[in-house]
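Labels run A, B, C, D and E following the written order; every chain starts at residue 1.
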Amino acid sequence: MFLSGEQHVNLHRIAPEIHLCLFGLIIMIADPFVSAARKRVLGWVGFAGALFALAAVYEASMYKGFAYSHLINNDDFSIFLHVVIIVAAALAILGSLDYLDREGIQLGEYYALILFAAAGMGILASANELVTAFVGLEMSSISTYVLVGFRRRALISNEAALKYFLLGSFATAFFLYGVAMVYGATGTTIIDKIQPALTDASSAGRLPVLAILGLGLMFVGLGFKVVIAPFQIYGPDVYEGAPSPVTALLASAPKAAAFALMLRIFVVSFGSASDTWFWAIWVSAILTMFIGNLAALVQTNVKRMLAYSSIAHAGYILVAFAAGTAIGVAAVLFYLAAYVLMKVGAFLVVTHLGQRGERRLALQDYAGLGSSQPVLAACFSLFLLSLLGLPATGGFLGKFFAFQAALDASGAHGRWIVWLVVIAAINSVIGAYYYLRVIITMYFNEAAKDYTPTAVAPALGVALFIAAVGTLYLGILPGRILDFAKAAADSFSLLH
Amino acid sequence: MSVVPISWYLVLSAILFGLGVIAFVFKRNIITIFMSIELMLNAINLAFVAFARARSQLDGLVFVFFVIVVAAAEAAVGLAIVILLARNRESLNVERINLLKF
Amino acid sequence: MGTQPLLLTVVTFLPLLSVAALLLLRSDDHVWIRRIALAASVAEFVISLLLLRGFNSGTAAYQFQEYHQWIGAAIHYHLGVDGISLFLVLLATFLTPLAILCSWQSIQENVKGFFVALLVIETAMIGVFVSLDLFLFFVFWELTLIPMYFMIGMWGHGRKIYAAVKFILYTMFGSILMLVAILWLYGKAGTFDLPEIQRLLQSGQIIFPPHTELLLFGAFFLAFAIKVPLFPLHTWLPDAHTEAPTAGSVILAGVMLKLGTYGILRFCVPLFPDAAHRMAPTIAVLAIIGIVYGALVATVQTDLKRLVAYTSVSHLGFVVLGIFAFNSISIQGAIYQMLNHGVSTGALFLGVGMLYDRRHTFEIKQFGGLATPMPVLMSFFLFIALSSLALPPLNGFIGEFLILIGTFAGHHAWAAWATSGSVLSAIYLLWAYQRVALGEVTVEKNRDLPDANNRERLILATVAIVIIFMGVASPLFTRRMEASVNNVMQQISPPENAQRRAAPTSARPAKNDVSMNAIAPRPLIAVIAERRVQR
Amino acid sequence: MPILSHLWIILALPLAGAAINGLFGRRWPQSAVNSVAVGSVSLAFLAVAELVREFSHLAQGQIPYPGDYFTWMIAGPFRVDFTLQVDQLTIVMLLTVSFVGMLIHIYSTGYMAHEGGYYRFFSYLNLFMFFMLTLVMASNLIVMFVGWEGVGLCSYLLIGFWFLKKSAADAGKKAFITTRIGDLGFMVGVLLVFWKFNSVNFGDIFRQAGQMPAESATHVGVLTAICLLLFAGAVGKSAQLPLYVWLPDAMEGPTPVSALIHAATMVTAGVYMVARMHPLFSRAPIAMFVVAVVGAVTAFYSATIGLVQTDIKKVLAYSTVSQLGYMFLACGVGAYAAGIFHLMTHAFFKGLLFLAAGSVIHAMGGEQDMMKMGGLRKKIPVTFWTMLIATLAIAGIPGFAGFFSKDEILEAAGAGPHANLWLWLLGVIGAGLTSFYMFRLVFLTFFGKPRFDEHQVHVHESPKNMTVPLMILAFCSIFGGWFAAPHLVGGTEYFENFLHPVFSSYAVSAVAEVQVRVVDPTLLPPGYSAPSPVMELAHALTSWPVIVGILGLLVAWWFYIKKPDAPRRLAQSIHGLYLLLLNKYYVDEIYAALLVRPLLWISTNVLWHGVDQGLIDGIVDGSARVARESGAKVRELQSGNTRSYAAWVVIGAVGFTVLLLGILGMVVH
Amino acid sequence: MSVPFFVFFACAVLAIAGALLLIVAREPIHSALALVLVMISLAILYLLLGAPFIAAVQIIVYAGAIMVLFVFVIMLLNAGVEERTNWSKIAKYAGLPLALILLLEIGHWMFRAPAGAAIANGVGAPGSAASTTGLSLELFQQYLFPFEATSILILIAILGALVLARKEE
């Protein structure tokens, strides 16, 4: 190859994406040559791809800096999120292997799409330019549209795909128009150049209205992707309709990626407007938490309940987001890490218990799990308690740092953010009820007679194990990850 | 020769975008709803071009290019989804597609 | 000073360790599960006694301290005990073996899970008492909930699930706000380390505006008041206590309620003295209402266990009153009363549990005349009841009396009202005893119930001995508390506040000043603060 | 000085007895139990006797002689040591208690011979001795309170000894709770004492009180408060108005218990306490007056009830209440010594009366209704004679113990420094009534025709171990009062004299002076004129009780021997009054209606169901319901209709853009 | 009135008319044709804005490829007359009015955009920059990365279409 050193470095800096796409391509190429019975192998290839990508993340971390004429910013921030995203993807793949067999849709494309989606999210996380980000967004979105509709025979799967697709592209259009406006107002779409451009364009310290309008429209698009009120509206349907492992992926990785872009745009580009967008976040956070928790309270379908719960968690993340400080960013990142682990874990448990055709999703189907499958039940309880925010789990520290960051910013935003925290706290108590309800059903209720539990498949078992250990690790020894998150956050503050 | 002010183009793009949104909310047929998204994208393109022109930059035009590509990709997948749906159901009325709710 | 390094860590985590051991056993190997659990808890108790040996009663400083970085620079693994927490730790380690013994037979399904839960609770409780880092404290605090939740929900009876959920949601609601307050405090102090924060407060490096302080105090106090429970936040208690299995009730009443009062004494009052003083009258009134109210409601219960549960509301009212009288005597009394209540009420629940093992009901109507078939059990029951109704020279009397003496120094009316509790306690306990034990045997199947077997006799005798011992040898305990309590008294009024508050002293008649300064200067301050609020 | 330097021995003996019998007696034969119980008490009595000997050698300076043991409570400035003390008052009490106690233990071995739970009975009885002795030897209020509560406990246990009888169990509970109500006052009193004097030791308290000026009716201060509160405790313990109601019911207990606890010792604890605290009382005239009034009224009131009771033990119970009233009257008028004197004599003759009554009941095979007795004079002579002696004593017939003590009380009431004609009158009438109902008892029981079926009931004299104690007590009932005999003829009152150091040491000058005047010519201050007027006054007064006493005797004779149907006719003629008395003024019913039932009703319906379950849980569960319902509302948003979703997105878009622009505007301007 | 103005107005009117037609038309096919109309008129406007390449792409890719795809699908599914169900109250009473408000809001601020008056003020004259070479240079140097990404994107699209639309075997 005849590449200049600079191009070499560029390649290093996008190494994770390269590996993901590479393995995606490998799968597609190999697909025709693998007999239908052995498609499962492709799954392992996909998993390998994820592992390689993780290694590549390490490689990329050796070459921090901008790539491709400033369009990509390979900083600690993007590295942190790459790890999160790729881990989520890997776990999803592990969870899918047996699921696809069970549903009789064991296809190579599935894994390829997951890898491509991951690549898109990676771009989203490291993009330093809005249109690049848009492309990455579309990469992840389009592949997830397909994944959601992957159970082609299932009506709800089709429906979920349709809804996700229509509303998704609708929201993306808003985002794009927002980009256009920002471009119009500042003449650039390079994220870390917008900030100075804003202040130039602003006459007498007044921010250009058009840019703020653009911010609002971008908020629509991004809010849709991270599923916060009032754009959460599609979430539960899609999460319920999608194949469970896809839901696991959907609820974790894209959210993380979208939050990453959101952070870059809001904190880096529009940092000077923070006391403006603070209110948008504030309102949205409160709506999100209440809608998520209250609606989850009355669900009888565990999958859908978890969907609502993930909405609620987006709300908690927004609490940290509202701080808009470096600590806030770090808190968001840590929360995302913890959240991804516990959420993927929870949905993978649902995946296993769903049985063929995802029949057994109702709460009472979980009765007696504590006695019939103690280990699985214990894992699920762990994830639920972590989602609930019980100490010694990642979920608790996530909330803890989120609240801390918010209160820390009370200097800037006064008592409003304090009230935000209090509301979040009360919400997490409301949330406790429905998580505990699942635990009650698992442990305190008698199992149905006609149902014999199937053993947990090794792959899924590994995934659950990783998720569980990770959750505990983040809960008890969060030091490393926390430092990592802080470093990532600082890579923002270095910018301005 | 005098030229049309850019703001007019912008207003036009705004109108088209708005109409696209209205169309999205108003239409029932999945395909036409999808079309209204295309309409919105076109409006956005117009805005990009106009801004590019105003700043005499080329970036805006490049963005248009990307947007078109994305639109194409979406079209492919979207129509695939529509076909898939049409296979399993008889109606294309989006309001009739509501198994998932609450 | 505590010399033994790691002693506290061992004491705290030994039960957890034994949990690991239990998990290794086959879950149907009930015998060995029980034996190991018992052995572990007894060993735990013995080891915890080492604390007494190394404890230096002369100093108020925390002893046996352990201090390690944990999360970042702010959060530390910081353990230590002082005169306040020392005996509470012992209380926990003392009651757990009894709880295990009492569930020897009565727990038959999922034995493993039960003892695991029990031991996890022990670790969590001890952790709460010994942790000197607010974060660590909160972790342990929340950790107590889940195992207890399982205990009530899985091995309880009646409306167990309702009780369990009520218990956990009630408590969480309080504690989550406390978490917010802790974080806020951190924002101000920059550390979660309790001694450090106290130092900053003492030196006036942190000063809260009154409004803020009140909010913080409220957030902390709400959490603790729910745990105590203080009227009107007590309604989770009767359900939880009644539906829980015997061991659960013993631990709940014996130790868990003390988490609340301990928290008040350790955090609420020293950290936010002014707010504490401002709220003292209100809280004291609530406490007194609790004393009377709990007693009256207990009197008319038809369910024996629920009756005992309500007595806790009454007794803990005394403790809270004692703390908020801000008087070294009453506070020592309060601590002592915590221990007494732990022993006596725990023992009452043990007795009730033994009845339940025989008849599987708590309905008083189902009993009656039991003294005939089971004289020994009933005699112990009466004895414990007597200690619970504060009959000298049993332990209950000392606690209550110290509280009353101390309270009276500053607030005659409070003490007088509280005293009525002693009459009421006589009423409900003796009436209950009569309905259960005396008279002819009313229910046929009670006629040939077996009397206490050796295991039960062992349990009851142990408790009885402790009751008498604490009744006659209270100085062994109070002497060790003295320094720490005085330290708290110091913290309750930082110098500048003291001046500010002490200003209107002259308003009071000289005689009282003399007498009360002779006892302790604090109540005076409390009174002044009280005045200030009133106008 | 073995005992004096080891006071604890006196307490340890009965305690050991109680422990041994309680723990092991269950499996032992009665003889073993007897030897342990009686042995321990007898040893205790011997110890006391020895103590008295050693005590007599003490110089006044060494009195009260302390016995400090261990620190019992210490918290900050508050400290209580377990300390005992001995002074003259203690000696008197010790002797009385241990002596009567011993006799009753012996008696019980016979009386309870055929009862189940034999060991339990004696273990309780020994325990009672322990607490009672603690009470009288205590040298601070808290230790005294230990004894105080302890005897209450034992009384509870012993009244309810036959716990299979609901009435017995009820009576026990009633006794404990009623006295506890009084103790509420006592407790607060103690709190007040500590608050005022910073100590609970008698020594410190009295020393400080000694410095204080006496309060007057116009200037009521903390002392009065303290005294009234403490007296509340006494009212409960010693069954005075209005808390006397438990004592009559307490007769459910075995008769020896009634004799020991509810006649001779425990119920007199209140009197002892008041006497013990005299330095405070004598400085609180209002309190003194209250004590006197309560005492006098009770004395009269319960005497009236006693008139018509037919249960032999009930009569004695009311008479006990009445006699206790006299003792308080004595204390109330400052004649503490007289009060204690009466306490002692009363212990003798009332103990005797109960034991004798027990013997009668024993003889009648458990019958307690006097209307079903009669003509027992011949059948159980020992019981008859001893009981007659006791009756004469209580009726205050000259020469018997009761005469001297009661005489002194009324003398003080009539002529003492706090003399009050009305109180004196009540006392005198009460004396008359006493003698009437006591002789009524005797006549109904021992004279006239047997009113029972002689073939059913085989009346038989009690065994030796019951009759001997009767005789000993009878002896005491006669000569137990003769210390005071010389005084009547102007000589020294030895009893008074013996106690004088106790009551004079902290006395307010005035009081002391007066005591001197009535009491002891040898102590007269120089220049004091001949005592003759005082003597005449005294004689004039003393004659009255005697007269009414004899009057009562005659009336009783007239009613129950001469015209046996007179009572019935009288009862019919004044039916209302008769019923009122027969039903004890319906006091129990009134209490039940005014206090007990309302309290229970409120607790159940208002507090429990109302506040607890209705209000608080209503709020709790209600908030949960609200959350669930709003959840049901919120989920409606997810209608499943994509167009609605789109609408939501649009709403969001407009809403947030408008919000942002609005804020932007505000931020700038 | 000069030519550019006339052209602008003509195209603007056509575009808006097309958009409205898209909305009102009940036959999907009509809507499709209306959309084509919009696109063509926009293409002309691009020319007017001096972006001939974009105009060409607009015609070829958009009108030519994408819309054909639409028409094809419409034909394939022979989607009949659209039934105007009105089950979504919120769309009717909140969605549509607010959409209109959004239109006005955006329009208002777009009109007042600082860059808006540019050309009137003479700046932003069409330079050689607009030439296709310049564009391609931009695309393949400055924006190389997204360009490559789009290739993956298209791959994804093909893949997805394949997976979803493939007949069940």
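The rule is short, and it goes like this: a contact is a pair of C-beta atoms (placed from the backbone, for glycine too) under 8 Å apart; a residue touches a chain by one contact, two chains touch by 3 or more.
As the structure is a computational prediction, the values presented were derived from the model and not from experiment.
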item	value
Chains touching both subunit A and subunit E	B, D
Chain located farthest away, centre of subunit A as origin (C-alpha)	D
Higher-contact pair (C-beta pairs counted), C-D versus D-E	C-D
Chain closest to the middle, measuring from C-alpha centroids that were averaged per chain	C
Chain whose mean Cα position lies farthest from subunit C	E
Gap in Å, rounded to a whole number, between the CA centres of subunit D and subunit A	79
Length of the line joining the C-alpha centres of subunit A and subunit C, rounded to whole Å	44
Distance between the centres, which are taken as Cα means, of subunit B and subunit A, whole angstrom	26
Rounded Å distance, subunit B centre to subunit E centre (Cα mean)	6
Overlap residues in subunit E, where contacts from two or more other chains coincide	87-88, 91, 95-96, 99, 102, 105-106, 110, 112-113, 115, 142-143, 146, 150, 153, 156-157, 160, 162-164
Subunit A: positions in contact with at least two other chains	131, 135, 138, 142, 145-146, 149, 152-153, 161-163, 166, 170, 177, 181, 184, 187, 209, 213, 236-237, 433
Where subunit C touches two or more other chains at once, by residue number	169
All chain pairs that touch each other	A-B, A-C, A-D, A-E, B-D, B-E, C-D, D-E
Of subunit B, residues touching subunit A in the complex	10, 17, 20, 24, 30, 33-34, 37, 40-41, 43-44, 47-48, 50-51, 54-55, 57, 59-60, 62-63, 66-67, 70, 73-74, 77-78, 81-82, 84-85, 88-89, 94, 97-101
Subunit C residues within the subunit A interface of the complex	70-72, 110, 135, 138-143, 145-146, 149-150, 153-154, 160-161, 164-165, 168-169, 172-173, 176-177, 179-180, 183-184, 186-187
Complex contact set, residues of subunit B against subunit E	1-23, 25-29, 31-32, 34-36, 38-39, 42, 45-47, 49-59, 61-62, 64-66, 68-77, 79-84, 86, 91-93, 95-96
Subunit E - residues contacting subunit A, complex	105-106, 109-110, 112-115, 141-146, 149-150, 152-153, 155-157, 159-160, 162-164, 168
Residue numbers on subunit A that touch subunit C, as the complex places them	371, 385, 390-392, 396-397, 400, 403-404, 407-408, 410, 418, 421-422, 425-426, 428-429, 432-433, 436, 440, 443-444, 477-479, 482-483
